[in-house]
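Both complexes below contain chain A, partnered by chain B and then by chain C.
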Partner chain A sequence: MSAFANVVFGGIFHAAVLFLVAAGLQLVFGVQKIVNLACGSFYALGAYFGITLVNAALKAGLPPVLLLPILIVAGLLMAVVGPPIERLLRTVYGRDESFQLLLTFALVLMFQDVLRFIWGANPRSLGNEVLTYGKLSSGDFTVPVYNLLVIAAAIAAACLIGLFLRRTSYGRLLRATAENRAMAEALGVNVRAVYAVVFSLGTLLGTLGGALVVPTSAASLDMAIEFVIEAFAVVVIGGLGSMAGALIGALLVGLIRAVSLVVYPEFEILAIYLIVIGTLLIRPSGLFGKAAS
Partner chain B sequence: MTITRRAVLKSMTATSALAAASRLGAPAIAQAKPCKLGILAPRTGVAASPGISGLRATEWAVEKFNASGGIAGRPIELVVEEETSPKDTIERFQKLVQQDKVDCVLGVISTGVALALGPVVEEARALTIFWDGTTQDGVDEKLSNARYLFKSTDNECEAVMSSLLTIKHWKGQFKRIAGINPDYSYGRNNMAAFTALLKRFNIEHEVVTEQWPKVGSMELTSNVAALKAAKPDLIFSSLLFADLPVFMKQASAAELTQGTKLVFPAAGFQHTLMKKDFTPEGMLFGHNTLYFDNPNATPMAKEFVAWYFDKQKDYPNWEADRAYFAIASYKAAVEAAAKAKGTAWPANNDVIDAMIGPGIESLGGKGTWRKDHIAEQTFVQGFTTHKNNYDFVTLDPSKIETMYSTDLQKPPGANFWDWLKSAQFKL
Partner chain C sequence: MTQGPRLLLVAVGVVALGLVPTLAPPFYANLLIPFFAYAIALLGFNLLFGYGGLLSFGHAMYLGLGAYAAAIVAGVLGIRHFELVLLAAAFGAVAVALPIGFLCVRYSGIFFGMLTLAFGMLAHSFLFKFYHLTGGDSGMRVPRMRILGLEFDALNKIELLAGPFYYYCLALMLLAGFALWRIVHSPFGLHLRSLRDNPQKAEYLGVHVPQLRLLAYVISAVYGAIGGAILGFRIGLADPELVHWTHSGHLVFMTVLGGFSNFLGPVVGALTLTLLQDQLQSITQYWRFVLGAMLAAIVIFFPRGLAGIAADAGRRLVRRQQPQVAA
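For the complex of A and B:
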């Protein structure tokens, strides 16, 4: 039973990490129709800066119990890269998707070099700060409390974005712009401002996700690409542009992966992509996506 | 002030005269035509860390060699190119050879790149020395008659050494074994070599799970859960990139490392990230061909480690040794060939023949080249301790094991799996 709980928890934790990467991708595509490959770079940026800020804070004598707020601050600070990048992306709004993909992929490569320039080529890692808040144990089942906080953060992010989009007037503006940009513009919506806000929010989700997850993991130059590939599996299953889809897609990928690692590890990647292929064949718009008219 | 054409010409003449005069008093080395060495090393991506470690060691060697006359009196000049995909790296290799006209090409870490580049090197007849790349497809040598190419030791050496040390130290103390290895030929061959040697030495064992995460995976909680569910006595892992500290951290948090024997032949690639907080004492830990804190290191190796720390605020891994071995071998061969032939600069063929010589003292220990152009080097492994002044684990000085690769890699032309069954191993 404990072993089963460990496996299920492992899957949910992986799902939480994937959701934090995929959420920004979903939000930006949902409103701006931009496939932002650089969302993984924002995640990496948050992770690297999170390590730097935590190390600096601990060196300055701040108590380790402040780990979580320090990481949130790191994520918030790094989100400042969002607006200038959105300004750059304006050059490809309304153009063929291939331009958007090329430009955002160029950003991935540029970010990789920037990270290397600032933090060096070696991976970076914190010590055992992940155990700052202790562990929950029952028999053979053990889980760091921090991992539960990451899961809670992913759920909170999903709920808050959902509430923002559905219950606030600005959220309605965003949805209106996503539905019909020309009509929204004609009705006086400042689409440029909407896009800037959405992209900044998408960036924030990435940098915050990276900063929050890094105590359980490490930061490396390749992490941006590693997570983006899996995030795409999540959005294909869940439906491009749907936040609920991202949540369910991440959960499906996380749990399927965890179970296959126990039952038949060779099947780990294949299992995920079989579901991706199945989704594309049976419901190309994804579980929660809207079919193209 | 008005600038006239005459004034500009005057000042240019004066500058040229000054420059010429300054060259008159320079030592002879500065007048000799530089010895151009092309370097192919990854500086970004998953292999950036070893690539930069190798580059720094090369820079250190060049600084040192140039201060004492360069190579056979010629100052060394580096032309550095990026190692990326096989196709792009081949193009950069051709640029180094045809356009930059380098005397020798050094570098290459990825065996995927090395396999593709090997035949191109032979075709171009350009002396090339790989740092860490082999031309093995799996464990089968694909370029056994190389003339211009020199290749690193077999990738499986460290797994063979770890397997032998596991049997030597822990025989009878484990039965249920699990593996978590990177999902490419290196990881799969290492795990297979480990189990093959257990079988060879009649060690009763049962493989309870084998995990194959893709290279560089940064989230391994589910793999840790799967390993924990399998309840292994011993875990064998040749993870070696950023995934290694991630695994250790997540395994430690899940209490997987408590009471489980750990065999990690390639952990030295990330040694400074293996923090005491989550890396236990007593695990079998491989440093390949360079252990930075080796109490038996030569004064030269100690000088290098100090220089590296001063420049990088870090400690070097084995790629530094591979890079030093490559450039120092080339220098030794050029100078030996020049002396034997009585010429200022020997022909390429004479340098190639001189490479197969008595060998040199590299940073990690003795190294030589076999007649089939595969390196023989010194490997270091041992058991971890927390008793040091670092925040990461090092090797317990009383439990450091050193082996020469003649005892760890298959002889020329042999099949690896057949050799494992018949070799006379010294435990």
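For the complex of A and C:
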């Protein structure tokens, strides 16, 4: 039973991080209709910078209790790459979606070398900081408190995004633009500004996810291209452009991964893609998406 | 463009390529073998992308299929004839592409791209994880084979690659190019273009959209598998990285670099990227950044690729000369 709880909590932790990145992907796709392959690169960027900032802060004598706030700050800081990249993407807004996809692929290639240039080719990781907050255990069941805090942070982020989109007037503008760009523009919405905000927010969610995951696993150059595929699976299962879909999709992917790792390791990733393909074939709009084109 | 200059261009290109093994050190002939592989694969890929308007982001799967077919036929089964490997790769591609294509061609645009990406990664995780079947991340060995039934005992692997195998691949590329040229200019090719430009209208006029797309998908898969078999022979290994989605991205990159709206664009793209990547890798370890920046520039400023730039330049040249002729 407790072994099962371990697996479930591992899956939920993974799902929490996955949700953040996938939410960024959803936001950008929902409003801008761009599948941003570079969201995995933002995730990696957040992770590397998180390590650097935590090490610098600990060296400067800050107490380790500040681990979580420092990582959140690291994620927020790295979101500065969002606006210039949005400016670059602006050149292809009116163009065919394959070109938009390719431009984000170009970003993936460039980011990989930028990370290699700054942080080197070897994986980086933090020490034992993950146990700063101690751990909960009963019998065989143990979970670091840090993991629980990250899960809480992801839930908070989900609530904030929901409130922002549903309850604020700017959120309403975003949804209107997502629904019908031309009509929103005709009614006086500054679509350019909306796009810039949306993309920056999407970047922020990616870098934040990366920064938060880093005490539990190493940052490596491959994490960008691995993680974007998982985030992609999440949005396909949940439905492109849907926030509720990202949440459910992340939980599904996180739990399936965790469970199949224990039950039948060869099946780990395979199971996820099978579900992705099944979703695309049976219900291409995903669990929560609107009708597919 | 009229046929004359284009044919001349092709002839000059073929002669130049044919002279490489005799004039240049074996290193260059060896370097060009992946070019032949990618050129063949991309010619087929562009039938789907350039002519059919369907962007597959999982096409590296078929290159992997070709390489693994070589590993299984020549390595596991011990049938060391490259022609039989090619045949097996082609049949394997048809067998895999028919069901997958059947499921994928119902969608277009971003959904087609995502579905093919998912299938590609499905194949990748199968090859990567099922260690006892596929060798996992260390892949499967592709042994040396006879070509045209000849052993070439006297040559070592490098000499074989830079000599007979080089010409073999050149001939294979010409054959594949000629076949595709006929396909593109057949009624099937016309139909394919019509449903790229306006699927509703094409369907209304009686074009069977899904069947045609499926046929294009299967043909492009066969071309990919043939390219993959050549890659497998050259590297001597079939490994899962061949199937990874970033490799699919590179295939699209090469096609767009050369120009997907031109028949020869993918060949130009394959040649440029093969040579460029080799040069960049010898200069800097940050070659991916340069390639990425180049891809971004192509996408933003020259969406018709190198072939498009060349065609524009050619047209300008003709236009400048015309008044002089008239005068």
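In this section, the second predicted complex is superposed on the first by the 291 of 293 C-alpha atoms of A that agree within 3 Å, B and C clash if a C-alpha of one lies under 4 Å from a C-alpha of the other, contacts with A are read in each partner's own complex, and residues count from 1 in each chain.
Here is the rule we use: contacts are C-beta pairs under 8 Å (C-beta built on N, C-alpha and C of every residue); 3 or more make two chains touch, one makes a residue touch a chain.
Note that this is a predicted model, so its numbers are computed, not measured.
**Student:** Please determine, from the superposition on chain A, whether chain B and chain C clash or fit.
**Tutor:** clash
**Student:** If we overlay the two complexes on their shared chain A, which of chain B and chain C does A:112 touch? Say first, second, both or neither.
**Tutor:** A:112 sits against chain B and chain C alike.
**Student:** Have a look at where A:140 lands relative to chain B and chain C in the superposition and call it first, second, both or neither.
**Tutor:** It touches chain B, and chain C stays clear.
**Student:** Could you say whether A:35 touches chain B, chain C, both of them, or neither, answering first, second, both or neither?
**Tutor:** A:35: touches chain C, not chain B.
**Student:** Touch test for A:232: chain B only (first), chain C only (second), both, or neither?
**Tutor:** In the superposition, A:232 touches chain C alone.
**Student:** Between chain B (first) and chain C (second), which, if any, makes contact with A:11: first, second, both or neither?
**Tutor:** The first partner, chain B, only.
**Student:** Name the contact category of A:88: first (chain B only), second (chain C only), both, or neither.
**Tutor:** Touch status of A:88: second partner only.
**Student:** Taking the superposition as given, does A:101 touch the first partner, chain B, the second, chain C, both, or neither?
**Tutor:** It touches chain C, and chain B stays clear.
**Student:** Does the superposition put A:280 against chain B (first), chain C (second), both, or neither?
**Tutor:** The answer is second: A:280 touches chain C but not chain B.
**Student:** So, A:262: does it touch chain B (first), chain C (second), both, or neither?
**Tutor:** first
**Student:** With the touch criterion stated at the top, can you tell me which chain A residues are shared between the chain B interface and the chain C interface?
**Tutor:** Correct list for chain A: 112-113, 116, 265-266, 268-269.
**Student:** For the complex, which residues does chain B have touching chain A?
**Tutor:** 43-46, 48-49, 51-52, 209-212, 214, 216-219, 221-226, 228-229, 241-242, 245-246, 249-250, 252-255, 270, 272-273, 275, 277-278, 312, 314, 391
**Student:** In their shared complex, at which residues does chain A touch chain C?
**Tutor:** Contacts found on chain A: 35, 37, 88, 91-92, 95, 97-99, 101-103, 105-114, 116-117, 225, 229, 232-233, 236, 265-270, 273-274, 276-277, 280-281, 284, 292-293.
**Student:** Write out the stretch or stretches of chain A touching chain B in their complex.
**Tutor:** Against chain B, chain A makes touches at 3-4, 6-7, 9-11, 13-14, 17, 112-113, 116, 120-125, 127-128, 130-131, 135, 137, 140, 142-144, 147, 213, 216-223, 226-227, 254, 257-258, 261-262, 265-266, 268-269.
**Student:** Name, in rising order, each residue of chain C that touches chain A in their complex.
**Tutor:** 49, 55, 57, 103, 107, 109-111, 113-115, 117-119, 121-122, 125-126, 128-131, 244-246, 249, 252-253, 256, 285-289, 291-293, 295-296, 299-300, 303
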